[in-house]
Structure formats: structure tokens, C-alpha cells
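Going in written order, the chains are labelled A, B and C, and every chain counts its residues from 1.
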Amino acid sequence: MRAEHGILAELRDRQEITVLVYEYCRALDAMDLDALVALFTPDCVVDYGPQIRSEGATALHRDLARMWRWARTSHHSGAVQIKFDDVDSAVVCSSVLAWHESPDGSTATMMGQYHDRVRRTTDGWRIATRRQVLTGNDAGFTVAINPFERRPDPRLT
Amino acid sequence: MRAEHGILAELRDRQEITVLVYEYCRALDAMDLDALVALFTPDCVVDYGPQIRSEGATALHRDLARMWRWARTSHHSGAVQIKFDDVDSAVVCSSVLAWHESPDGSTATMMGQYHDRVRRTTDGWRIATRRQVLTGNDAGFTVAINPFERRPDPRLT
Amino acid sequence: MRAEHGILAELRDRQEITVLVYEYCRALDAMDLDALVALFTPDCVVDYGPQIRSEGATALHRDLARMWRWARTSHHSGAVQIKFDDVDSAVVCSSVLAWHESPDGSTATMMGQYHDRVRRTTDGWRIATRRQVLTGNDAGFTVAINPFERRPDPRLT
């Protein structure tokens, strides 16, 4: 792939995709849903869990208004890993730690991963599909995020 | 901007600025205040909150000695986003999760963002101004950090 | 060093080393120990603490099976700082926040740093030595990780 992509162009693409992932968390904490939705393709599919799925950027904007039920949130994004399919498409895995506080002061914390497919568009890189999985949570967090599957324990097989 | 900056030089600058942000947290946990203050310009302004503001690197060094009241701290820096004003100046937004433990074993955790202006100097990139805002905290954390403002809820306007 | 390394080659090396550090945490949460051990040199030395040390990739694979005692883990890797010794070797400091949940639902959280030496091999960058130090932990986390040393408090000397 590097022969066609070019190392310099690839490094710049990695930087832009990494910021795309970071910016989602920043915009979500700010509840700047216009900025957030602009990170996705119009035909995006965003899958947080069996009952929490948005198809299309317009639906995503509408659906994420559910986050107003929290008084504060703090999403910590990191560990962005990018694998290019070709120069215009990549799969991305990143980690997130998300803290949420209700108006009554109770809190809920979850940890997980985002598994994205990103596409180059004329306006830059955009998230085409996003799937969140849950690697950990405290008792306060009760949303049914997609489960994370570990390898099976070889000692039990 | 890229025409004057050059993509390769810009990517190197992004790498150096990103490490500048990371190094602040590493040096603070180590209470290596000499190394920490060397990340700032001599005329820096660092604003943690209405009553917690340091003007100049000498004042910052003196003021951060307040962190000795903690027995241990662990600052987790990430999501560094950089926007260049020109080739020698940029604004930077990053996230932090900071855990603090008192000598009595009680703990305090805060989450927030750093909003920096960084400048290229003859010794490399340095932080000229830093403003911290608070996106979340537990009950143990009672320091008055600058508040984080979300967008207003459009359902209430 | 840059004269021999080349800025572009160095930036690509930094990207590959950064992903190496991230991938350890991803593979550990997945308990994909084959993938995890492939990040290390065959002669690696991995030192988590006075009684937790693995010499060689085969021993590391065997020893990390201890992590099966947790029902879930979530490791959050970040703040990767890289200093090259030469074009084929570097020292790396990164931060980690690791949450662990037992089958009984009790949890243990630790925060720390990894101090690595990485080497370029014919298969890419690999971790040759890793030493973990503990910057913070909750009461549930009782594993004896190497202590983190802050600078001495100058007010006490």
C-alpha cells in the first residue's frame, strides 16, 4: 500500500484520522452536536448497542440529544490504531473512558473501544461506521453497550 | 498555511507539541518542577481557576510547590488537538484525568481540558499560555478549577 | 541523530512505536496473548515488580495467563514519549490506567507508567525490556508493582 500512498501522505492521513477520533469526544462533552455530526458521513451507521443505533447523520444528531440527560460528561479518548484498506479507507480502533454525572450528582463510568471505518471525502476524513464495545463499567452505568469479547480461556477448553 | 509550513515540518511540529503536553503531566507526577517549568516561556500565564493563576515561569515554579500536599498524583494526558495560527504559533486542546492521594489516603479525582497557546522558540516549542477547565470531578476534589461550558440545551431555549 | 535518521523515517518510526505500546493494552484486554507476545523480542525482560518478572517471550506468554483471574480488564494507554538512542533503538515512557474486575464483581484500579526499550528488528519494532511503575492505585489493587519515585521535596532537605 505504501507504494501508492506515500509515507508522507500516509502520516498526514494518520494525523487527521486521529484528530477525528479525539474531536468526537471533545464535541460530545461540549454537546456541540453540529460539530460532532460533521465528523460523520451523511450515510453513517453508529452502533452503540443492540437498542442504540443511529442510521444517517440526521438521525445521529437527533439521537445524541439523549446525552442532555447528563449534567456533565467527560470522555477520554486514546490509543488510536489505524489500518488502511487503501488510500481512501481505513479501519480504526481506539479506547475511551467516559464519566457521566446526572443532575442529582450520581455518576456512571464506562470504558470501551470504538471500532470505526473511516473514509476520505472531499471535505476530509469522515467516520462512515462506528461500533462501540464495552470493556468495563461501574455499577452506575447501566446502558446496554455492545459486549467486548475476550479470547476464550485456553485452560477451559 | 501548508504552503509556507511544509507538510513534513508541520508533522514534526505536531509531534514536538504533543510531547510538550504529555511531558507536563509526567513531570508533575514526578514533582520535577525544574523540568516542568522548562516547558513554558519565561512570560507564561497559567490559569487553573479564578484563584489559581501564575504569571511567569518563576511564579509557576513557586506556585506548583502546592502539589507537595499530595502524597501521590497520577495525571493522564491525551487527545492532543493542535491548530496552527502560523508556523511559529498554535492553539492546543488536550484532555486530562488527574488522580490525587493525600498523605491520609483520601483521594481526589478531576477531569478536564488544557487550552494552550504554544510558541516556537529558539529552544523548541514552549507553552505561552495555559488555561485549564473542569469537565468532571468526584466529591473529594474541591479545587475551584475554571468551569467548562457546554452548549446551551436547545430544548430549553 | 536526525542527519542519519531522516525526519520522515523518524516520524514513521515514532508512529510504529506508539502503536506497539497501544497494542499491548488492546491485546491484554482481549487476552490475545499470542498477539501480545509478538510485540516483544524473544529475549525480552518484562518487570512489573519485585516478584513479577518474566524473562523471554515464552515465559511472558505463560506468566500473563495469570490475568485470566480477572473477568474483565480495561487498560488505557497514552502519553507515549520516545527518545531514540540511534536509528534502531529507543527508550519509551508511556502512561497507563488499568481497571480490573473479578468474577465476584469487585474491582481494582491502578495507574502507572511503562518504561520500555524498543528495538528495530527485521519484523518491525519490538519491546526488548519493559518496566512498570505504579503512580496510583485504589484499595482494591494490591499487586506489588515497582514503586514510582518522585523527586525529594526540597522543603524537607
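Here is the rule we go by: a contact is a pair of C-beta atoms (placed from the backbone, for glycine too) under 8 Å apart; a residue touches a chain by one contact, two chains touch by 3 or more.
Bear in mind that the values here come from a model prediction, so they are computed numbers and not experimental data.
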Looking only at which chains touch which, which shape fits best: line, ring, star, complete or other?
-> complete
Pick same or different for copies chain A and chain C, depending on whether their interface residues overlap by over half.
-> different
Express in whole angstrom the distance between the two chain centres, defined as the mean CA positions of chain A and chain C.
-> 24
Could you check chain C for residues that touch two or more other chains and list them?
-> 8, 11, 76, 78, 97
For the complex, which residues does chain C have touching chain A?
-> 8, 11-12, 15, 19, 22-23, 25-26, 29-33, 65, 68, 72-74, 76-78, 97, 99, 101, 107
For chain C, which residues are in contact with chain B within the complex?
-> 7-8, 11, 14, 76, 78-81, 93, 95, 97, 111-113, 135-136, 138, 148-151, 153, 155
